[in-house]
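Each of the next two complexes has chain A plus one more chain, namely chain B in the first and chain C in the second.
Right, the complex of A and B next:
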């Protein structure tokens, strides 16, 4: 009986607590434009989540200190509200809802990874909140007819198909045999689709097609097969952990393969963490510091690289660079829209056509950036010092591709 | 029913019905709260009343999620094309299709896990203690990995559930999912409460306290264990189906068979509130959700540390859960008769 009273008072306390915590502040407060973002600060994407956040923060500071955003004759500054999505799509969708309906955010920056972007996009779309994202590359994001989603990066299926073409070219135009190992997640599976298309296009053969679990810590079984089958190309994709695991185990097991193509080499700081073991790995990248794009805020890739190192004490992976570019896109769109109306900002975003230090940005109807090709770099070592050098496309190549990779016995 | 009880239930019902209008910004959190309470309530049937610490209830939740979404899509469009290449093609559900699909999807999401529970129950519920816990833990993990390899439900690419159709205002999606989860919560509560008021609960308690003795008394323990699990599976499946629609994107290990989050949370919530009681899981889930949301806002990046501290505090200071602690402190409020003289004597002894 009295127990009921306890429960009743408990419920009323809960109601009071909830209603008092509903603080809603608008999208533009004073001279601040508030952007919202759910970022993976913990969980399996935490390292890339931090790269993304660093990229966002650096661009916010840079834009604010260089005059901010001018809308309607007034100057505004960017501010970002972050939440931790724990690398979990369920959490990300909840947080997007929370940013929009509770915090009153009207402009969003993307999370890290395709899976999380897939979970957030339906929410931003429902509320008509423009989202510029820099880390969701899965092609299916751009075929859904989303109107408020804009990605500054090239879609995932374009990451490694060039590598297959390159292998065929080096093989004298003859088809090659390809071993593939991809993590079970939206991004890596999309990279796989791109590679499959390239295999079909070139008449090549897939000899291994392994799906690896998330949080990839062991791929010895796949590598044992690679040793036995001896393919011409080994393709691996599994975010940062996948790249680290692949390099560690390939070196341990002394797996010889003429070409090793991967993703996330720079995010994993391969050349620094694994040094010579990572030598000759061929990596897909959205950006490289030696590319010759320019803008007014970060000047060019080399300057961005130096400034980023000064701030965060490590070389910026492309995940950071593209995240910084997302804010440049937002600034540009706000100024062209000359308004804070969501629809007008959205229309301005759709009409974006600009160059940043990270590359040209122009959105197709689906929201993907169609004006920026991928680059491939190879880890090359001079003594103990290893560096990433662009080898394709030829327009930006600063080194010749080393092919085939010398066998471990000769290294 | 006593007068007080009627007032209490009426108050909760009224609060539940009005909640999305009083707190319009919190609809999603409130819906998730309902789902969490359903999971905690159903886990309590095994973990609390029967003494079987199941980590496998997440299996039914995930199954329900995939089945509901698959039925909702498959009734009107080819499922394989929907999920192909992570959803290259987009089909649009009309409002009627969406709601019809959801209704049949939820029906299937409740029935199939119930049947699965009945089928696997006979072998798995034969295990006891740690062996049962570990076996059920494996169930969830295995289901996550297997479903991550099945192409027709999207495999590693994930499964985007049908988007909510354009009906009503911006608020209607939130309201729809809130009321759906609230109705399921009410149904679950009624079902659990009525089950607990029968001999069934006594049998479960007998199994918890001494299974061999219960068997020796002629109780067919296996039958009761399986039926208990089937009841849990029924409501877990429903909860999963709703959650899939609410999140909008199903990932095999992170959303559906999310053993390390949802699977553990349902245990934590029941223990926090007090397992083996009717209200314990409800209170535990509510507190847990409040704490978690609070930690997420104010301890960004440290939320799991804060949650860890909370768990340690619970285990040390409230090992029997909040309800257990209250019961010990104020036994008379739980309808237990206390002899004043006896209590005084106890206090003096201390």
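Right, the complex of A and C next:
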């Protein structure tokens, strides 16, 4: 009986071992280049995780249908293995480990959010697996000396410093007073650092510096302080929750500030949820469909927007656009490397210098994209219809910045 | 440390009013918790998640074009049955066990609810716009969103309504009898099983009302329930189980404490200070609670 058990467990262990090595395949199978990604399909990041996945999938289909990737005179197609990381960093790290060591994936696409990218980066680095990520903007990702991490997006500290410059410019070059409310997470705190640098650079003054806890859905105290202090600029960054809470309470408390700058307006669907109350909010964005960048696969922003809508039935947020761009970067790197060797692909990625519909892409030594400025759009309403219009940088501005914001008593 | 509130005294008025209005809403949630704790000896960790679920009901009404204020009637009606269902499925199996088992069970329910809501409604932060406008006081220097006034008013109405119901109705009397001595009540012909189910349902209904009010005044999100559980737990601990006026007073006290902590210590310590206060009060009350059994009167 006992012996039977031992033999049985031995056999089953052997079977598991065999089956796992049998299912594991190399990075390139037949004419397929296999990429791996842990992505948040459930859990608190699931909506943005799905945007990311949609962006990846759309680009894979597009590249495959337009001739695929040419390496060594042969054409290959992209394929992605996804695992659901449940919006959990520990799980994401495990899955990265599994993708690389069990599934044999040798090229990775990033997950959604800075936190999860931070969890995965040490793993890809350990195995020397190149990872192109599109949704981790935290500055700390790019200061660790990672060699295999490449981000197509601009780092978090560049999100809102433009707004401070803009406020100073509108103030006739004179310094401004700034009230800040930032959530306590890696991303928002990086945005804060960028704003602090801009404040220092322009000789401006910070008058309120509140840190919002993650569970917070009430900013009344911060806003009451803003009412009392009357700053020139109010800067808020706290993901979707921060954007929605801020707009609701600013309108309810009739807080008048000449400039209101935020992040995550896109994901918060500000004008959809708040209508006219969101008018005049200034939002940092990685991408906007009206930008005039071009490439061969998606043509330009407007075409991307239309094609994406056709496929998924909603307008692409920038999270989807940048995810699509990540695939274009991979394709370009494979073709230039003309090899599937991880190190050669990595070197080709590092030498990337290209334009996509999403923007120019060129990586600094730390892996961040230094060739693509952030854009600021302002919510502008005509009657009950609200639209996001790019107001900075001036090169792409489709509307003039409305400054200062009219007071609530005059709206 | 921010001393702005002392330099601009009008902020104290703002903080106090905000705190009181918020506290009344907390007190309503805490009232439900106290009721069920007193009657069934169950600490419901899923309290906050029931609140959020009520909020989603209101949010979906708002989406389909119904004014969210009506959520305070629809949400409790639906949530009552959710509560009764939960009782029949899970709680009736742990109701006579010790506190630890019921905490584990409701903790499990809490996780399940969070994930189910996330699965069904998505991870987006949502809210229901009431378009109630704003009341301005003191030459516009103090603003009170009417949605907050509305939420306080509705909370008070439901709290008073429940007190009257508990005093006058047959079920109310049965609930109170069961709370005092379940065995004696059973002997005298009270169907305690029914009473427990109703109590859990009433608690869920109260959470439904509160959830509607949260959706109207603040924002909701599948993972936002825990702070509401903690706050109501704390209010009940401070007030004691049978002490309904105490729940109201400590609710408002907690609301004001939070607001002032926010102004003085900084927003980042707002919820942290609630936890700190909880620890202090638990240490202080530990002795009393372990010596004395309290009942809902």
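Here is the rule we use: the second predicted complex is superposed on the first by the 386 of 411 C-alpha atoms of A that agree within 3 Å, B and C clash if a C-alpha of one lies under 4 Å from a C-alpha of the other, contacts with A are read in each partner's own complex, and residues count from 1 in each chain.
We take it that a contact is a pair of C-beta atoms (placed from the backbone, for glycine too) under 8 Å apart; a residue touches a chain by one contact, two chains touch by 3 or more.
In this text, all values refer to a predicted model and were calculated from it rather than measured experimentally.
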Touched partner set for A:42, first chain B, second chain C, both or neither: both
First (chain B), second (chain C), both or neither touched by A:180: neither
First (chain B), second (chain C), both or neither touched by A:97: first
Contacts of A:213 with chain B and chain C, given as first, second, both or neither: both
First (chain B), second (chain C), both or neither touched by A:188: first
First, second, both or neither for A:245, with chain B first and chain C second: second
First (chain B), second (chain C), both or neither touched by A:84: first
Partner chain in contact with A:126 - chain B first, chain C second, else both or neither: first
More chain A residues in contact [chain B versus chain C]: B
Touching partner for A:259 - first (chain B), second (chain C), both, neither: neither
Touching both chain B and chain C, residues of chain A: 42, 87, 184, 211, 213
Partner chain B, residues of chain A touching it in the complex: 1-4, 6-8, 10-11, 14-15, 17-19, 22, 24, 41-42, 82-84, 87-90, 93-94, 97-98, 101-102, 115, 118-119, 122-123, 125-127, 138-140, 143-145, 182-186, 188-190, 193, 211, 213-214
Footprint of chain A on chain C - complex, ascending: 2, 4, 8, 10-11, 14-15, 18, 22, 115, 118-119, 122-127, 129, 134, 136, 140-141, 143, 145, 147, 214, 218-224, 226-227, 259, 262-263, 266-268, 270-272
Touching residues (chain side chain B, partner chain A) in the complex: 2, 4-5, 7-8, 11-12, 15, 22-29, 32, 85-90, 145, 148-149, 155-158, 160, 163-164, 170, 173-174, 243, 246-249, 251-255, 258, 261, 279, 283, 286, 290, 296-297, 300-301, 303-304, 326, 330, 332-335
Touching residues (chain side chain A, partner chain C) in the complex: 42-48, 87, 181, 184, 210-213, 215-222, 224-225, 227-229, 239-241, 244-245, 248-249, 252-254, 267-268, 273-275
